[in-house]
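Working notes for the structure below.
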Amino acid sequence: DFLSALDEVHPAFGVNDEELQQCVQNQIIQFANNVERILSDGQLFIEQVRKSSRTPLVSVLLHGPPGSGKTALAATMAMSSEFPFIKLISPESMVGYAEVSKISMINKVFNDSYKSPLSVIVIDNIERILDWVPIGPRFSNSILQTLLVLLKKRPPKDRRLLILATTNEKSVLDDMNMSDCFNSEIYVPNITELSSVDIVLKELALFNDEERNRALNALKQGGVELRIGIKKILTIIEMSRQDVDKVEKFVGTILNMAPHKVETN
Amino acid sequence: DFLSALDEVHPAFGVNDEELQQCVQNQIIQFANNVERILSDGQLFIEQVRKSSRTPLVSVLLHGPPGSGKTALAATMAMSSEFPFIKLISPESMVGYAEVSKISMINKVFNDSYKSPLSVIVIDNIERILDWVPIGPRFSNSILQTLLVLLKKRPPKDRRLLILATTNEKSVLDDMNMSDCFNSEIYVPNITELSSVDIVLKELALFNDEERNRALNALKQGGVELRIGIKKILTIIEMSRQDVDKVEKFVGTILNMAPHKVETN
Amino acid sequence: DFLSALDEVHPAFGVNDEELQQCVQNQIIQFANNVERILSDGQLFIEQVRKSSRTPLVSVLLHGPPGSGKTALAATMAMSSEFPFIKLISPESMVGYAEVSKISMINKVFNDSYKSPLSVIVIDNIERILDWVPIGPRFSNSILQTLLVLLKKRPPKDRRLLILATTNEKSVLDDMNMSDCFNSEIYVPNITELSSVDIVLKELALFNDEERNRALNALKQGGVELRIGIKKILTIIEMSRQDVDKVEKFVGTILNMAPHKVETN
Amino acid sequence: DFLSALDEVHPAFGVNDEELQQCVQNQIIQFANNVERILSDGQLFIEQVRKSSRTPLVSVLLHGPPGSGKTALAATMAMSSEFPFIKLISPESMVGYAEVSKISMINKVFNDSYKSPLSVIVIDNIERILDWVPIGPRFSNSILQTLLVLLKKRPPKDRRLLILATTNEKSVLDDMNMSDCFNSEIYVPNITELSSVDIVLKELALFNDEERNRALNALKQGGVELRIGIKKILTIIEMSRQDVDKVEKFVGTILNMAPHKVETN
Amino acid sequence: DFLSALDEVHPAFGVNDEELQQCVQNQIIQFANNVERILSDGQLFIEQVRKSSRTPLVSVLLHGPPGSGKTALAATMAMSSEFPFIKLISPESMVGYAEVSKISMINKVFNDSYKSPLSVIVIDNIERILDWVPIGPRFSNSILQTLLVLLKKRPPKDRRLLILATTNEKSVLDDMNMSDCFNSEIYVPNITELSSVDIVLKELALFNDEERNRALNALKQGGVELRIGIKKILTIIEMSRQDVDKVEKFVGTILNMAPHKVETN
Amino acid sequence: DFLSALDEVHPAFGVNDEELQQCVQNQIIQFANNVERILSDGQLFIEQVRKSSRTPLVSVLLHGPPGSGKTALAATMAMSSEFPFIKLISPESMVGYAEVSKISMINKVFNDSYKSPLSVIVIDNIERILDWVPIGPRFSNSILQTLLVLLKKRPPKDRRLLILATTNEKSVLDDMNMSDCFNSEIYVPNITELSSVDIVLKELALFNDEERNRALNALKQGGVELRIGIKKILTIIEMSRQDVDKVEKFVGTILNMAPHKVETN
């Protein structure tokens, strides 16, 4: 599978590996079927780029609620391609840059990619790269226009490029006519099953078996509709680890953040 | 016909041929009557510019849905003119440019054209050149004003110019009073007939005859109203090529993107 | 008459004749009474400037639908004055200029005019000089304010100035309080009579007599309300000239663009 | 009276006389009682500034419809003061200046005035100095704020200042809280009486007695409510002077511009 | 009392006395009880700053209708403190400054004050310092933010600061969340009693006793609700002083400006 | 407890202690249970950062009404951590800075923190750092975007960071999608119990025992719903200290500012 394949990746040049690794600091836990399916979809796009000369550009948008794992999954796909050029465009690497600097930085990554026969570019958190804020709304139109063009610009002859982008604000991208620029979309959902929580808890080793069962039972009794990102669960687990009553803290925090309770029998 | 004529074109100077060729990377497939008709209309405008000294400026707007083939058709017409000056103004060649640089780049192309007795300028994707975004809406008024003037500015004595422009956003150009600046308009439609799909499939050689018939039958049974750009079909064909079940992937993707199903008997 | 007078004009200095001539490339055809009347009104204003010392500044706004002939008429009037200083301020001559450059260019033309005892300034297409676009709306307020002042600024002692301005957007100028700045207005209408079309066709020699009669009859039968600018008719004539069936092309194009048909008996 | 007094004015220094004279090029005609009254009110303010040490700053706003004579009256008052410092701040003298230059120019005039024991500053056409346009609306807030402060800033010890400002847009100044900055206001009305027209016609010597009576009778019969600025009447008189039928042209133009007719007996 | 105390003030350094004196050019007339009360409230704040080490910063907002005497009262309080550092921040001293210059000028005054053990800063006419205009509305957010911070910033150890600010636009400051930044507010009302007018008239010596009584009686008979700023009354008195009939002018002007008449018995 | 622990803090380097101390000038008075609870919550976050390597970044938002003690509490928590790097980002330290300077200053604090194994950053009064004003609304989107990224940016390997931020405008931060960036929130309430007032009065030693009881009784009788920030109470106490009747002044001021009275029995 792709996760074990990942372990053996030794990218040649043009790969900022450390940055990408940091996006997957807490690994990819296989807590549900869709995790496997998303990664295998990613593998298909990688193959299409590798093989079809008629579609030298493939672009994919990973979207979903905050903290559902989009960045970690996109970074994992990118690294698994083993393409000679793999780069991350992220808001973190452009903090405090002026608009023009951001644009020329983005532009440079694309131009560099055109020199490699096979490339992957991860564009993380597009709405943040665009300086989007719903009040107004305000955003950088110059950066938007740059991305609108680059997302559709064909690489030169004999060059192939895979673009993996992530966003929490799919509807904003729709309003900007940006969604149309992608060839495909992948939805990354929240965790909604107790079985997924069980797998995560085992992996993180917060509880012993008795505590874990107690926690899961308490969540079941709580009668809330589970809808929580993997990132949030990981944080709650670490907070609970400091507490005297870990089970109580873990269950209590999750039940408190649930938006609305459902009837249970 | 114009397509075979195209093969023999050897433009003299002032022609950035490579760029234009790239716009027609997947050739022009004669999948419907309107393809032939659009190209022959283009030929008429080329003749008018070549011959009538009273109308030294002819401007044509190619408009239609995304991916319907506007850019490829405009580039094909331009190259078929064999005029000594043929230039492309496109958003791709101005990524990251400041507003003033874009304007002076556009202006230079027009001024250069005025030096050739016969010229064609292709202005691709006008709304993107204008940095248009529907939120706001926002756009570059300076670039707009530049184009509004240049689209109507008569070339100097003994100089003739054909302008071919493309857009997905005809109604936006209407709102900007830009549509009035063109002498003529050509509508480039989506593919709506199974017979067109058949021709494209044959040309691309995705299936053998049995598979192709199976695919077309499945689309017929699907009972959806076909409305798809040639560009999208080409992408779906290449995606399907990677899949184990190519027919299933091809038919499934097209049926899934159909906006609304119609009754079939 | 003024047209023959025009032939003999040999302006002394400060006259950019070529630019003005280009505005009347296809001559002034006397296709209706109002053409003569507009030119004779212009002659009156020229006389007032030449003779009355109490009104050293006379400003006239030519307005009407797109392509009705405003620019050609204003240029014709200007040249017929035979004043030593005749200058054209037009959007074409300021393409790509920054706002401040446009203002100082406009300002320079006025200041230069103040050095000649008698001057004409043609300000062509005011809404385009103002970078007007209805979306927003947006326009250059600095240029507007410059014009608002210059249109009312008295020339120095013993200097006289005639200003001839044109616009398609009279109502926009009203909203900007600019219309009040002009001493007089001249309306330049579309062609609405078949007899005018007849005169134009004869002048342009597109048809032989039989063809012309056939075309006019067909237009009559078409039962449409004629409302078309001279500029558009000239373009249609040239397009038809390339066609195999010139009459059919000419009549068809005009009937197709008619906004609404009227009852005929 | 003030008009004859004006003839003898020989200002010492700091007076740009020529500029002020140009504002009254066509003299002040005593066509109605309010003309005399406005000028005598002006005289009172001049006396207050000259004598009362408790009110070293007096500011007056002349407002009224376009062309009613505001600028000519303000200039006349200013010159009649015979103060050693008399300056005009007008849009004409700042055409094409950047905002900051306008502000420092305005500021300089005030600072210079503080050096003279007695000063008059005429601020002509405030809405134009502010780059006001009703679309938006837009205006220069920096210039506005500069004027708002300077209009209320007390001159230094032993310095007295009279400010005379004019505007067509009193209600705009109200909305900007600028009207409150003036100590007094003077309304300059349009001409509404035939007797006033009679006086003006005599003064300008357009007609002989018979013609003048015929013209006035025709206006009376026309049954329109007279509401016309002195500036407009002067222009119509000069236009009519060029015409073959002067009476017809004069009467016709005035009757045509009347907004609405009234019942006559 | 504070007014006589004022006479003996001889501030040491860091006091721009002249500027402050100019704010009280026409003295403080004790025309009503609230004048005394406002000044004694000011004295309390001065004492709090002088003595309580727990509240090293005290800020007071004087607000009221235009011309009610806010600036004169704030300046009087400031001078009566006899603190070694007394500075005025006023729009008059920043005419024509750029936004950044204004901010650094304001900032400097505060930083200078932090060097004195005891300081008073008068911020006069805050809405004008903010370049406020109700159309839009528009104002300088940078200056606003600077004041919002400085109004709450504690002076360094062993430094005490009293801030006295004035405004006509209390509700605007409310909308900007600025009112909350002040520890206290003082309302400065208009004159509403004839007895106050009487005191002012006596002080200014416009009339002899008979005239004064006649004027007051006429105002009483006028039956208008008196609501007038001390500044306006002082202006009317000086205007009347130039007139032949001083009583008539004085009474007439006041009655004319009254917003609405009330029933009298 | 944390307050006594605080006394012994001797931070090593990278700590601007003085600035932080100034935020707690009037100490932390234990006037209610929630004060203790808030500080102990803070202690938990400090421990999580110190110990859990899986959550190297913990961010907490302290929000509540103006003057409820947010800044003092955040500063107290920060100092109690004894981490080697403790820095305050506050509007006071950036008065008059340009937007870019603010951003690079903020950025520098974060980058410096990444060099220390354990760090605390206090971001005080976020809405002021953002130049927020409700009119418009207006704010610095560049600073906002910088904070949105830095609040979620993971520190490098083996570095841990605690972010403590304060705001009066939680709902504004919600509208800006900023609230989602924090791991946790702490609400800092107003004082609502007379027992709290009693504790504060004892601590500040404004009254003797008899006076204090009289004051509390009067407040009880007043029948108002108590809702007042600790900061305001401290100011009222100091004002009352200057007054002749301290009890009357203290009780009167509090009763006057109460928004609405409630029924008492």
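Letters A, B, C, D, E and F mark the chains as written, and numbering starts fresh at 1 in each.
Assume a residue touches a chain if its C-beta (ideal position, glycine included) is under 8 Å from a C-beta of that chain, and two chains touch if they have at least 3 such contacts.
Quick caveat: nothing in here was measured; it's all calculated off a predicted structure.
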item	value
Intersection of contact partners for chain B and chain C	none
Chains touching both chain C and chain F	none
Separation of mean Cα positions, chain E and chain D [Å, integer]	35
Interchain centroid distance [CA atoms averaged], chain A/chain C, Å	60
Contacts with two or more other chains, residues of chain B listed in rising order	none
Going from chain A towards chain B, every chain in order around the ring	A, B, C, D, E, F
Interfacial residue positions of chain A with respect to chain B in the complex	44, 47-48, 51-52, 54-55, 100, 103-104, 106-107, 137, 139, 141-142, 144-146, 148-150, 153-154, 175-177, 180, 183
Complex interface listing, chain D residues touching chain C	22, 25-26, 66, 91-92, 95-96, 98, 128, 131, 133-135, 138, 204, 234-235, 237-239, 241-243
